[in-house]
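Presented below is the structure to which this report refers.
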Amino acid sequence: ANFLTTAETLAEAFEAETGHQIVITHGSTGQLYAQIVQGAPFDIFLSADEERPARLKEEGRATEVRTYALGRLVLVSRAPVDAATVGEAVAGRTVALADPTVAPYGKAATTAMEKLRLDTATFRPVLVANVGQVATVFVTGNADFAFVSASQLPAMAAPSTMDLADFVAPIRQDAALLDRAQGNDAARAFWDWLASDAAAGTIRDAGYGAPGA
Amino acid sequence: MSVWPAVFLTLQLAAVTTVILLIIALPFAWWLATTRARSRPLFEAITALPLVLPPTVLGFYLLILMAPSAPLGGLWVRLTGDTLAFSFPGLVLASVIYSFPFAVQPLQTAFASVPRPVLDAARTLGASPRDAFFSVSMPLARRGLITAAVLSFAHTVGEFGVILMVGGNIPGKTRVISIEVFSAVETLDYRTAHILSFWLLALSLIVLVLVYAFNRRGGAGLG
Amino acid sequence: MAETLEFRIRLRRGALFSLDVAEGVPLSGITALIGPSGGGKTTLLRALAGLERADEATVRFREQTWDAPGIRLAPEDRHVGFVFQNPALFPHLSVAENLRYGARRREVKSYDAIVDALDLGALMTRGVADLSGGEARRVALGRALASNPSVLFLDEPLNGLDTARKAELLPYIGRAVGEAKVPALYVTHSATEVATLADRVLGIAGGRLTGWRSPPARLRAVVTSVTGGLMRVRILGADPGQGADMTLPLVARMGETVGLGLPLDSVLVSTSDPGRSDASLCLPATVMGTSGGLELDVFGQRVTLARGGPHAVGARLWLSVLRVLPRPD
Amino acid sequence: MSVWPAVFLTLQLAAVTTVILLIIALPFAWWLATTRARSRPLFEAITALPLVLPPTVLGFYLLILMAPSAPLGGLWVRLTGDTLAFSFPGLVLASVIYSFPFAVQPLQTAFASVPRPVLDAARTLGASPRDAFFSVSMPLARRGLITAAVLSFAHTVGEFGVILMVGGNIPGKTRVISIEVFSAVETLDYRTAHILSFWLLALSLIVLVLVYAFNRRGGAGLG
Amino acid sequence: MAETLEFRIRLRRGALFSLDVAEGVPLSGITALIGPSGGGKTTLLRALAGLERADEATVRFREQTWDAPGIRLAPEDRHVGFVFQNPALFPHLSVAENLRYGARRREVKSYDAIVDALDLGALMTRGVADLSGGEARRVALGRALASNPSVLFLDEPLNGLDTARKAELLPYIGRAVGEAKVPALYVTHSATEVATLADRVLGIAGGRLTGWRSPPARLRAVVTSVTGGLMRVRILGADPGQGADMTLPLVARMGETVGLGLPLDSVLVSTSDPGRSDASLCLPATVMGTSGGLELDVFGQRVTLARGGPHAVGARLWLSVLRVLPRPD
């Protein structure tokens, strides 16, 4: 879900360049996976994690897997914080993160909290379905802190942002070229084009780390 | 991206679902309302079950059911050459199952309160049970029928979890408005979300007011 | 053709009531079904019409089997014109649509005569919810008549109608039954209705038939003149000037005969001439027999009054009639 | 992780929601069924609106409403010291709004078919309107009441989109079963999903069969 | 204390019917309200009970204002015992619970006497859906009586009851009204009921009151002996052996007086002695006046029969009564 806006930009650029039509379907990573397993007519799967593409390859449903973006986790807040002050700042406050059991960004957020020694007993963590909803919770004023993807920052207009690159590894978002894409030139072309510099630039502009970098 | 394909698809899905639901639910609700079978509570309970499962989970099971390897899904592929999941018919099937209780229950309540003597009168005046059903039970159950139709229609318009799962969110084919709004919210595009929601609400409100106002004018009730 | 409705019906309702009846009812004219409240009159009619589950039901209407072991003709195929005790009008239809409901299904083209006779014209466009009690009953009667029935089942059809209206409708029902040759089973608690309409009377109480009662006493008269809505009649067998003429508010043709029902509580039988009185008729009569009622000869007609009184055969009596209940013959 | 806190929370939420819904919906449905106000179709239409919005979108607007900076959310904070979002009361509020139409509509249908003369009789026998409502309208609308309660309860049990968003999925506080099942499906833990779904269905089926069987025994209907 | 029910009511229903009435009805005994079907009888009772919206309503019951501009007493506070034309029993309650409904709310402890009089004992545990027409009506009557009303509004309460049951209930209603001093407005189409019960008669047609009718002719008699359920009475003023004694199926105490209603169509007025007849009573009478009916002196009592006939004042007549309608005085 975190990549949708970027994917749309990419698709437009690709269509302009090659004339191929790209149709984007989106949903949560887990749900898209379940659909692929049940035979959904998708050619390329841009996952928000590395586990599911790997599993698809194992199961023989994907022919190729590759990291297409490195997600960057950031902590947004109402007032500036840093590693030293965050522990005190969150005390008694509401902190939103994606549900770590279903969302990679949630898992990353838990890791970050451990590194920052944030004790979940001192504040109120709320877990919502995905980073999109995390941002919503923050934007609507229901949370004081939120762990979101750097790609979401432009849309959020958050007062202040703390980069967590030092505390948590980038989130590897893998893509899978699905079985079904065999013989589909357009799918193949887009798959290849995703690895191009042009695509990498767009991905980087959106706030992700490019896999090559 | 234009929102019209989604609007059109939504209305089409809701309309088709409502029509199919009423066709199935009418005889079934009537049976429930009039039967003396001891198994009735069981059927009533089963009717309410689709409500209990979270939509995504219901969607998950429907996906399994519709997979080409499953009996139903396989049959569909053999008949139409297309997979049932991720197709419009698949969406319709999912919506029908999901909204079934909303169609059946108001109808059953309404049918149960049609006075027996009036039905007897219809029979002696030459109406077969079928004829009496259409000429007496149905008009007298009108309020229930409208409630059933409105709940089914609105629920399908707002439906989302199941559709997201079964439909595959394919633009122009299975991407309905609710998913557009959902996407807008998820991608923090609140402006679009507000606009879409506003139109969704405004259009629904107009349709519903018209339905209810018309219903009201249409002659005296039972009271 | 067996012109009878033959039935044998057994059913139980609750712990206390059971119906167990068997009879053959002649299908001509009107058969009154009388008996105490809760006696089973309604239940019997409903069972005959195919509207009640019975433990045992064998019903033959003329040559047609309605019920028999393994056979159960649907109510709509029995062509019973049923006027229910509680009108049971269609609440979603107007008065006109209520009438049309049965008419359309039985392919009856026009029932204007019924609308006129029951004076329903002004109500046609109304809904039925706001009808007064008597209006609703008239609509129910009209609805049944308009469906071209083979037999009428009338469950207290004139309940709640005013006297004037009743006096109008009684002959009308009589005529409907007589002219269209539609026999009727007629449930009523009203002695007047029995005296006016019934050709025979069957009793029922506690779910059992209590046998045939003597039919109501009736004199035949001939129409001697007609003016407006009134007619003058003379008792058949009497000559002018014998005090056997009277005026009645009934529409009939010259020369036609009408039946004059003699309600028991309006007929005085006396041994002397009461002289000038306010009786409608005062007729001389001769006692012909006293077994099973007072058998009289009145201008050559035989009438039996369900009445005792120590009168000798051959005795001359006077019959003062305060009220007669006319019906077309 | 034990599933019991979620089960318990779900039942508690569904029960509280159903009770509150009935308390609100009863007078409102009764008003709708009996009023001659010309605005009735409008209120009927508004009642059906929560159905039209996808749950996440409804959740989004509820979040806006519940924010401490919004009037309602702020009031709540001042009164309780706690935010409304991500709390049990917040969940209840969301569920009540979401399931409102399911409670109102069957009740309205049922109330509309209570015969006016019977209510008049109650009045002349000394019953105030309130008394007549409880001693006549309510028992006669029993089927509608049960339908309303079942639909509300089941819909809350299966509720998901709104709860996920407004509840914040806090274990023991706002994490209900539907979210557990959803998580299981999303994390590819289909075994847990199957087991949870099975129990959810089985328990619901038993409860529903009991409700309907009991309802059936309780005396003759109106027919 | 103004013992009247005073009202002025105006309302319209549909395009054709409007009610526009004003009257003061004495609150003693039974006031019959008669008129054609659709005349507005039910509407008037409902409006008086506070169950209809009116364009204008001013109603005073004794010293209490029920309706006035700006005032509208709730129906439940008027203490009207209403027997509706259509019984409107509570379908979800048993017969016993139907009776208890009003009783409990009016703090009536026991109504066993009512249950007995209406013979409801065997029905108490039954639901009301399966009651026969007559049974339902008796329950409705019992329900209203058990609620300890200040006034009874009876809308054709005996419709659909058999003759025997009616004969039982008529005196019972008379007694209930008489002893408990509960006045009643009584809508009926039955001349018999009017003759038996009514102390006065008010007409209504087309939504307008058509004025007071002459009250039914009634002779007073005294109970001379009581055996079982029967009693012997003698017309007041008559001596033994004057043919003024008769036996009636009514329960009363020795020496009590009863009213004997004389139904018009069962009373023969003749100029000669009819001799031995099957009349219950044959009484000599003298014409006292002929304006506004035939005014007679019978053993010193004055009765007015609503009847013409060219009789001279002072003429001697015979009154043969085929049927009397007794009610407790």
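Per-chain numbering from 1; labels A, B, C, D and E assigned in written order.
FYI, contacts are C-beta pairs under 8 Å (C-beta built on N, C-alpha and C of every residue); 3 or more make two chains touch, one makes a residue touch a chain.
As the structure is a computational prediction, the values presented were derived from the model and not from experiment.
Visitor: What is the set of chains touching both subunit A and subunit C?
Guide: Output, common partners of subunit A and subunit C: B.
Visitor: Among the chains, which is located farthest from subunit D on the basis of C-alpha centroids?
Guide: Computed centres place C farthest from subunit D.
Visitor: Taking each chain's centre as the mean of its Cα atoms, which chain lies farthest from subunit B?
Guide: So the farthest one, by centre of C-alpha atoms, is E.
Visitor: How many angstrom lie between the centres of subunit C and subunit D, each centre taken as the mean Cα position?
Guide: 58
Visitor: Provide the C-alpha centroid distance between subunit B and subunit D, rounded to the nearest whole angstrom.
Guide: Computed from C-alpha means, the inter-chain centre distance equals 19 Å.
Visitor: If you average the CA atoms of subunit C and of subunit E, how far apart do the two points sit, in angstrom?
Guide: Spacing between the chain centres: roughly 28 Å.
Visitor: When the C-alpha atoms of subunit D and subunit E are each averaged to a single point, how far apart are the two points in Å?
Guide: Whole-Å distance between the two chain centres: 54.
Visitor: Could you say which residues in subunit C touch two or more other chains, in rising order?
Guide: In subunit C, 86 touch at least two other chains.
Visitor: Considering subunit B alone, which of its residues make contact with at least two other chains?
Guide: Those would be 56, 60, 115, 185-186, 222-223.
Visitor: Can you list the residues of subunit A that touch 2 or more other chains?
Guide: 31, 34, 133, 136, in rising order.
Visitor: All pairs of touching chains, please: list them by chain label.
Guide: Result for touching pairs of chains: A-B, A-D, B-C, B-D, C-E, D-E.
Visitor: Write out the stretch or stretches of subunit D touching subunit B in their complex.
Guide: Residues in contact with subunit B: 40-42, 44-46, 48-49, 51-57, 60-61, 101-102, 105-106, 108-110, 112-116, 143-144, 147, 150-151, 154-155, 157-161, 178-179, 181-182, 185, 193, 197, 200-201, 204-205, 208-213, 215-216, 221-223.
Visitor: Within their complex, state which residues of subunit E touch subunit D.
Guide: 46, 49-51, 74-76, 78-82, 84, 86, 88-92, 101-102, 105-106, 127, 129, 143-144, 147
Visitor: Where on subunit D is subunit A touching in the complex?
Guide: 56, 60, 63-64, 66-70, 73, 83, 85-86, 164-165, 168-170, 182-183, 185-188
Visitor: Okay, in this complex, where on subunit C does subunit E touch?
Guide: The contact residues of subunit C facing subunit E are 13-14, 16, 34-39, 42-43, 85-86, 122, 126, 130, 132-135, 138, 155-156, 159-166, 189-191, 263, 265-279, 307-309, 318, 320, 322-323.
Visitor: In their shared complex, at which residues does subunit D touch subunit E?
Guide: Going through subunit D, the ones touching subunit E are 115, 117-118, 120-129, 131, 135-136, 139-140, 142, 219-220, 222.
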